[in-house]
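Take a look at the structures below.
Next, two complexes with subunit A in common: one pairs it with subunit B, the other with subunit C.
Right after this comes the complex of A and B.
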């Protein structure tokens, strides 16, 4: 799952570092992700994992690191 | 809406400043594009520059709803005074809500309350324009001190500010969106003016461009990141306080128009003048604007009072709501004043009449431009691609 998340971040996150090697817990916003590019990441994650983020999950903390994104996807796919 | 006697007394006192000081000088402030120094001095006298500073640091610990009502009151007499007051409060809000972990900033807020220091805003920058969430300049730290230089397209009342709050990149290596805020105190900074402030309206805010150079102690860098502070504080305070003061401008336009229509009615008792129908429409528009602004102000005040609430302010749904209140109020204020002008006719169009609406209309036209509505619509359009609840 991490690999797929990293591919999406590489394509849509507009990071200033390599999405393949960024630490699982590194802050993506400090790595260059903007509120605009984070929306594209959300869309790609919804499409890629066939999930819909409920509105309560649409906030910075949920998308701030690879680990946080993985936890959110796991929560949605576990149900 | 019922408010406590203490709050009512404060609001009455602000109306007093409006009638006796702000309103008296508003024409001159506008005509000569000069800083409304008399009003700001009176607000300092009332200790209102520390309205948001917590009581234990010497301030009033005021909430969003009361502060909004004060902005509305000031806006009825002098838009520029109200805007200077609102811009200052937005900076104080950022320090109060995000700076208290820094002992330096805590101590500063105590001084601000004691000395009623005025803080100017430095968010815009040559090269990024009005995109406040992007910076080119960066703060550089060395040996417990910082260096920060910025080429700002506008600095609110730059030459009249005691201190400045500046957005910039976290460090020389940081991407443009990874920002922090830095407080610059008088003596820390030098300003070199790069343009003049000769505008259609809001002329008394005196906010030309400046090249800013500064250095100071590291403790003046606001902890945390500006992205979160922007969502939780800068944007809600800006949009609600601005909306409140724009509503004040519209309120005075409606008051002048009501007086105009009543004069017409008194000349011919027994017939309802045709202008009264439009006045009824204005009354309707103003009421909806008031409800809309008050509703989000009250919601913000409640959210800010709890950790869960502050967390909820980081959600996209909250940003959408804050953006909508700004777009709506900025458009509605102009629409109200425009309709008022249709009612008052030539009496409203003339600058030397007691029904004059020229200044109101010119000032209100700034509303759609300060953070351009199209830019905000574009952000909302993007957020609505993932946000679900209508």
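Right after this comes the complex of A and C.
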């Protein structure tokens, strides 16, 4: 799952660092992700994992790191 | 003299956001209608579509305005649905911010009595500044 998340971050996150090597807990916003690119990441995650982020998960903390995104996807796919 | 020393009853609140037009172009190419319908109202989409060449720039300006408005409204916890913050156009072509649902309720809660927006574009960048007037909290309680 991490690899897929990193691929999506690489393609949509506009990070200034390599998405393949960024630490799981590194702050993606500090790494260059903007508010608009976080939307692109969210839509790509929805398409890639066949999930939809509910309103309660639309917050900065859900998309701020690889680990946080993984936790959110795991919660959505477990439901 | 005493009148001159009175504190203003309204305080300015400012938000600004900058969006790269190429990011919007990429989002349109990759996510199409899903992107449009998640972020923009039907009127915003209809206006932006009137010019295919201007569409990404118009959308970028509108997204910047929505984010700038969020910086004025300062929601805690969840983001607001971007469609609850709408850029509307007057009959003379000026743009205004219209709030709906939870965004309007948040503005009321925070004493935001008025919003004004200004845009600028340059090459690949769109910027929006939103100015709000916030009623002093001590005045709101009285």
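Following the convention adopted for this analysis, the second predicted complex is superposed on the first by the 79 of 79 C-alpha atoms of A that agree within 3 Å, B and C clash if a C-alpha of one lies under 4 Å from a C-alpha of the other, contacts with A are read in each partner's own complex, and residues count from 1 in each chain.
Going forward, a residue touches a chain if its C-beta (ideal position, glycine included) is under 8 Å from a C-beta of that chain, and two chains touch if they have at least 3 such contacts.
If you're wondering where the values come from, they're calculated on a predicted model, not measured in any experiment.
Colleague: Output check: A:31 vs subunit B and subunit C. Expected answer is one of first, second, both, neither. What do you get?
Modeller: Touch status of A:31: first partner only.
Colleague: Any idea whether subunit B or subunit C touches more of subunit A?
Modeller: Partner touching more subunit A residues in the overlay: B.
Colleague: In the overlaid three-chain picture, which partner chain does A:22 touch, first (subunit B) or second (subunit C), both, or neither?
Modeller: neither
Colleague: Mind working out whether A:8 is in touch with subunit B, subunit C, both or neither, as first, second, both or neither?
Modeller: A:8 contacts neither subunit B nor subunit C.
Colleague: Let me test your reading of the model: by the given contact rule, A:44 touches which partner, first (subunit B), second (subunit C), both or neither?
Modeller: So A:44 only meets subunit C here.
Colleague: One more residue to check, A:72. First (subunit B), second (subunit C), both or neither?
Modeller: In the superposition, A:72 touches no partner, neither subunit B nor subunit C.
Colleague: Thinking of the overlay built on chain A, is A:58 touched by subunit B (first), by subunit C (second), by both, or by neither?
Modeller: Touch status of A:58: both partners.
Colleague: Can you list the residues of subunit A that touch subunit B in one structure and subunit C in the other?
Modeller: 34-36, 39, 43, 46, 55-56, 58-60.
Colleague: With touch defined as at the start, can you tell me which subunit B residues reach subunit A in the complex?
Modeller: Interface residues on the subunit B side: 133-134, 170, 174-178, 225, 227-228, 231, 311, 314-317, 379, 382-383, 385-389.
Colleague: Enumerate the contact residues on subunit A facing subunit B in the complex.
Modeller: 16, 29-36, 39, 42-43, 46, 52-56, 58-61
Colleague: What does subunit C use to touch subunit A in their complex?
Modeller: 17, 19-20, 23-24, 26-27, 30-31, 34-35, 38-39, 60, 63, 67, 77-79, 81
Colleague: Under the definition above, what is the set of subunit A residues touching subunit C in their complex?
Modeller: Counting only subunit A, the residues touching subunit C are 12, 14, 34-37, 39-40, 43-44, 46-47, 55-56, 58-60.
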